[in-house]
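What follows is a short report on a single structure.
For clarity, chains are labelled A, B, C, D and E in written order, and residue numbers in each chain start from 1.
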Amino acid sequence: DSGGEATDDDGITVVLFGDAEEIAGYRSMIDAFAETNPDVPVTLSPVATQDELMARLTTSFAGGQPPDVFLLNYRRYGQFAAQQAIEPAQSYLDRSTTLKESDFSPRALDAFRYDGKALTCLPQNMSSLVVYYNADLFAKAGVPLPKAGWTWDDFLAAARALTGDGRYGVGVEPSIPRLAPFVWSNRGDLVDDPARPTALTLTGNPAARKAVDWFLDLQLKHHVVPPDAEEQSESSEARFLRGTLGMYLNSRVAVPTLRTIDGFTWDAAPLPVAPGGVPASILHSDAYCMSAGAPDHDRAWRFIEFAMGEQGQQILAGSGRTVPSRLDVANSPTFLDPQEPPRSSRVYLDAEPHLRATPRTGTWSRVEREAGALLEEVFYGRVDREEGLRTLEEKINPLFNLPVGAGG
Amino acid sequence: MGEHGAIRLESLTRSYGRVVALDDVDLEVRAGEMMTLVGPSGSGKSTILRLIAGLDRPDGGRILVDGQDVSQVPPHRRAVAMVFQDFALYPHLTVLGNLLFGLRVRRVRRDEADRRARSAAERLGIGDLLDRYPDQTSGGQRQRIALARALLREPTVYLLDEPLASLDAPLRFATRADLLALHRDLGTTTVHVTHDQAEAMTLGDRVAVLDRGRIRQVGPPQQVYDEPADMFVAGFLGSPPMNLVPGGAVLGGSRGLILGIRPEDLTLDVDGSIEVTVDVVEALGSESILLTRGADGTRLTVRAGPRCGARPGETVRLRPNPDRVHHFDAETGRRR
Amino acid sequence: MTSDRGRKPLTAWAFLAPYAVAVGLLIAVPALLNLGYAFTDHTGLTRDPQFVGLSNVRRMLDDGFLLDSVRASAIHLALAVPLRLLAAVGLGLLLAAPRPGGRWFRVAVYLPTVVPDVALAVLFLWVLNPLYGPLNQLLGLFGHSGFTWLSDPGTARVGVALMLMFPIGEGFLVVLAARRMLDGRLYEAAALEGCGPFGQLRRLTLPLLAPVLLLLAVRDTILTLQVNFVPAYVLTDGRPSNATLYLPVYIFDQAFEFSGFAYGALITSVLMVVTAIVITALLLVVRRWRVLR
Amino acid sequence: MRPEGTVIPRFIGRFVVPALFATLFAAPLWFMVAGSLRPAGEPPPRTLELLPPDPSLAAYARLPELIPLFRYLANSALVVAIAVPVTVVVASLTGFGLRLLTPTARRRAVLGLLAVLLVPVTAVWATRFELFRLAGVVDTYVPLLAPALLAGSPFLVLLYAWAFGGVPDSQLGAARLEGAGWLTIWRRVALPQVRPATLAVAVLAFTFHWSNLIDPLLYLHSGDRYTYPLGLQFLRLLNPTDWPLLMAGCVVATAPCVVVFLLAQRILLNDDPLAALRSGGRR
Amino acid sequence: MGEHGAIRLESLTRSYGRVVALDDVDLEVRAGEMMTLVGPSGSGKSTILRLIAGLDRPDGGRILVDGQDVSQVPPHRRAVAMVFQDFALYPHLTVLGNLLFGLRVRRVRRDEADRRARSAAERLGIGDLLDRYPDQTSGGQRQRIALARALLREPTVYLLDEPLASLDAPLRFATRADLLALHRDLGTTTVHVTHDQAEAMTLGDRVAVLDRGRIRQVGPPQQVYDEPADMFVAGFLGSPPMNLVPGGAVLGGSRGLILGIRPEDLTLDVDGSIEVTVDVVEALGSESILLTRGADGTRLTVRAGPRCGARPGETVRLRPNPDRVHHFDAETGRRR
């Protein structure tokens, strides 16, 4: 009974995560799969949060009965891949008659090449970090609307103009994934070696340090970001919904929520570019993985083929929540539907060539989390900037060198 | 002493739901007196004590202590000490702790309190139990602890709710004497509840007989015993109880009357006027009780000497003491 | 003692047998297995853990996060257990006496216990809201400018403890029931000795309830150290600066989030030892209460 | 009758103070209900309203569209329907066993229970999976009954032992002499006399099993066997504008527990427990 | 009847921890006999009953019923019925339910069980209580319910543990007679424990007196009363207890002896040989108890007639009945 679901021996179990609406989307996709593949019964096994996903996966892997297919965020898949818990997907994709590697966003695929070459999992989406803005506020403040290629200075000027009167210019959560694109845009890097990172380079690398300071200054110097108490009183998202936040940085995930806005016009814009820098954004992606060890992965692969195929991707794109990793679907009206805001859905696709991913080592998810917590301390001025950044690196760097699974 | 603690109950009423526990009770306890309350189970004896203590409030009527209406005084402000039937010792405290409890509450200095507790314990012969917990003492010892605790309160009124009920006969006999001596020493007004015939007769200056929330008779014990005010009192006091015979039967008397005679007032006498058959002889050692039956079926209990010689089935003759035949109205039950 | 003696005790053990079997299978075996994993390199994702001796222990000894976590748990214990006990006992005693409508008061106090953790956490996000929250507004009445509750380690800990003061239904129920078992006569005796209501509480109720209070304290200590982290997890998730990174949260993260299955198992054992020490200390401190009579 | 001076403090002590606390503790539930009545799609309120301006039941109507609400609820009900009786039986059997032990043996058994109480839940989550897999019961409801086989917690066993302590030895002896075996005595003499304890255990067990999230999460795999708490989690990540949905979900989760507590407490916390027992709580 | 149920206890021993509850007890109860066990609290009376019933196991010794060793027989297979001191009625069942319980457990058919329960209830006069719960009945009624339940068991041995202890005096007197009548009817072997003097004297065919786990004397009540085997028995049976006076004092006798005389064997007599001062007069109505003190401080209790006329402080003379002076060894306490 190694691998595979013991209870129905000819079916497969698929573990997915998402909120109620996303799960409903997956459910209809699986229904569609069942129609065309009646011989492969699928047991849908959804969980809500990524924490729960990890608990579910660890328990079932440790207990010797992992699911056939599971959805994994690329920030976490490193620790699975590092232990060969995943059946690499490359050979299956190579042999596939329905899927071609070129159908997909190369940036998304690259994120799931654990050793840099062979594809481990197949990413189903590729969201990027963008700037949502309140067009009415921009008009009122007389600031030009953001457009592709705008710079940090334009961004800051707009933010300043929008701040005041109980309103704030920017809402952004202080975390590594939010900070990373700014660092990259300034031609810096988060870590010493993206393939085999051993330390954060937020202070050591001058370009990175400049980006970090610019990011921190939004709060600490320019006060265009809601301060600690304000942010805790009302999240940036709620603030934006209420029309008292000029710009809000988030990925495609926010769109369904933002679509409930009817008091003002809003749209999405690409991230500003550092002066003299390059456009950059960060990849948000989840991929289908097959658990290693099962004698036979054919059924699991058939499911993935369907989910990654045009029909599967269309169904999911319907929710508006994700950016399909299949370029043909992403460029189709299903995704770019002009009737639904944001009007500039193209910015997600335009960002695709500039997408970068954070490292995929076994301990990355831990690094990201602990670093985020410490960054927050600095961002809100709870600790001194220099002191805080130094502690951050001091505390985080040892984590890189731990073997997977070894504690602190 | 003896000047304080006069209690007056004025038309006290108390009901629990539909149960009328006390029904218009008037009672006066003189300062320094020991008053005994007797009555069947549920007749309201404990209720009276609880009302005097303030643990319960009357529905109607007043309670006066030394002429003062005390209805508004909460129990912890009344100078009343009560010994509960089950003693209500604090299980989490040693015997000494139990005795000290009240003193400490009243902020007596620690060494002074200790001295007083020890002397009270000595007085009641429990000086060597002070370090035990209540559940490590016997029933008789607990009773003394409860008494010692009450003594330390130095109250104007003692309330004792069946304090001897859980002791066995020899112990009960001994403690009864102690209680009497104590009351004589202190002269504090005491109200005392009992089920026990002997206690009722010996412990109180006066006895009040209760039945279903009403007082039937109050008076010195011997008087109540000798001249019961009604059939209830006649039947309740005395063990075995008084023989009650319809008028016109073996004891004579007219119809509409009930005649009563106590077992000790019937004597075995070959010239006796009543012929009966002996059903049962209960030889109690110190005396014998004959359960007999007359020709007309009337049952008569007779108290005879320890070795009276009568045998079950035998026919004997009884002589009633004519001075001691009681007459009751068959309708009202009242003494005539 | 002859072998046929004590048929009654034998029966008693027979009644205990099913439970013992369940404990053996569902607790002892898994817990021992878990303890065994503590000395391997098990990540939870593979099936062939290798024995690595004490290397996990060595890592543990210089794990700064673990230190934060132990500190967070210790402070949490010191804050939450007294608060929760105080609330459960206080309310249990306050509401034990029969009174018209008393039932509804009791229901109200029990309610937060059945409210899902998420809802409670969401509510507390509002209660602790630095600008609009009632707590800061209350402080404002006293001229205090209020706190940014969840950004300062100290206030965040207090906030979590405050939140956990609400789901106290079990302890509350037990105190209610226990208070009702106390002999009313003792209170009457005390009143007649001149003991007012406060004295009765201090000299009778609390000492008499000592065994139950101890049981509750033990249970709450265990709950607080080991289980009660879910609302805190939702509310703060370890923030800020690991101030609320309680041991179970850290274990959960290690075992499930970071593939530190073996390491998590080791900390679990540490947690158990810590709990046992705390409980033993508790039992020793209150030994003279005669609670284990 | 009584002077003013005593009536008012008594009133405050007996009603005003308890009412204040009751309000405080009822507040979470109230705000949950109020939150669930907000019309969906509006930005979250900055303050918590006592009652939304125009309350609507839309959130409740949307729940079944988002998640298989009724299936989850039915699954939960099934689990609870099995687990609560099992908990009660195991706890009471074990508690009765403790009651029959001699004091020394009982003290030892209690210490053993304490040791069981000490084992952190995290120690057994993942390792139990192995056992369940070997038994072939992963993805069935059997693992969800495991806590029931453990009587929920040793605490409930102790609760029962304590309650059975009130049944005098003489009654057990009398039943013995009348020809009853120990199981009969447990079922027909002891259990009926500790109904309040049974109710307390049942209420606590209901609450536990009804809101048990971790066991279904770890051991249930088929989405259509999920219990409600898992379903509730799916609402957690919805947008802030969908908060009414989350609150409605929480209300749905809470309601059965409240109802069960209300039903039970008529007997459990009745001012005259004996009378309540006889009337079966009807008054 | 009367042929079954002979009980033999052979050197029974039972300890609870360090407490020796029974210490090498031998006792024979004849078939059909009623044996009464008396003794102070904690002397092991209940323990004997529990051992006979099989509710407890002896540490050593054997129990034979009709010559068969029953140690291996569990209580529910022994044909034994027990009435407990607290009656042990099931509070959650109605009176009828209480009576039916054992029958249903023994799988008697429902209608048959019902018939038998009702007839037993009728027999004991509780036929109209069947729908009540035990706590809605009085002490006397509960006692009858417990008896009826025991009757339904149709045992070969009845064990009664202080069945009348919680009743008040008039009720106890009445129920005592009922019990006797019942035993006469059924003729079943009965072992009966009591604290009560009158019960001990009247209810049993024979009495066994226990003290601290040992049997002090067994015999017909009157014989035990008249010829107590030692000072303990002398002091325990009889109320007020026997006067025990060191040899050489008021009652004469030599040193090394203790002389005993019962209060009823001292008569007030102006020619009496002993001069005493009356301390207390307890007028019990039907008789009086005088507590007196001799010149050398010897205390003597005297039982006198109801209206004996003695007053406290008075000096009276007593005449002991010389035939009824008991002699005990001062060392061993044994009768000489």
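Rule of thumb we're sticking to: contacts are C-beta pairs under 8 Å (C-beta built on N, C-alpha and C of every residue); 3 or more make two chains touch, one makes a residue touch a chain.
This structure is a prediction, so every number in the text was calculated from the model and none was measured.
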* What chain pair has the highest count of contacting C-beta pairs? -> C-D
* What's the chain with its C-alpha centre farthest out from chain E? -> A
* Asked: So what's the Cα centroid distance for chain B and chain E, whole Å?
  -> 24
* Centre-to-centre distance between chain C and chain B (centres being mean Cα positions), rounded to whole Å -> 54
* **Averaged-CA centre spacing for the pair chain D and chain A, given as whole angstrom** => 39
* Asked: When the C-alpha atoms of chain B and chain D are each averaged to a single point, how far apart are the two points in Å?
  -> 52
* **Residues of chain E whose C-beta touches two or more other chains** => none
* Asked: Which parts of chain C, given as residue numbers and ranges, touch two or more other chains?
  -> 8, 44, 132, 252, 255, 261, 264
* Asked: In chain A, what residues contact two or more other chains?
  -> 55, 58-59, 62, 64, 233-234
* Structure fact -> Residue set of chain C touching chain D in the complex reads 8-9, 11-16, 18-19, 22-23, 25-27, 29-31, 33-35, 37, 44, 91, 94-95, 97-99, 101-116, 118-120, 122-123, 126, 132, 166, 169-170, 173-174, 176-177, 180, 215, 218-219, 222, 226-227, 230, 248, 251-252, 255, 261, 264-265, 268-269, 271-272, 275-276, 279, 292
* So in the complex, which bits of chain B are touching chain E? -> 40-42, 138-139, 168-170, 173, 176-177, 180, 195-198, 201-202, 221-222, 225-226, 235-241, 262-264, 280, 282-287, 289, 291, 303, 306
* Interface residues, chain A side, partner chain C - complex -> 51, 54-55, 57-59, 61-62, 64, 79-80, 83-85, 228-230, 232-234, 293, 362-363, 365-366, 369-370, 373-374, 376-377, 380, 382, 395, 403-408
* Contact set on chain E toward chain D in their complex -> 50, 53-55, 75-76, 78, 80-82, 84-86, 88-93, 101-102, 105-106, 133, 135, 149, 153
* Asked: Of all residues in chain D, which touch chain A in the complex?
  -> 41-44, 46, 66-67, 125-127, 129-130, 132-133, 136, 138-140, 214, 217-219, 221-223, 230, 233-242, 245
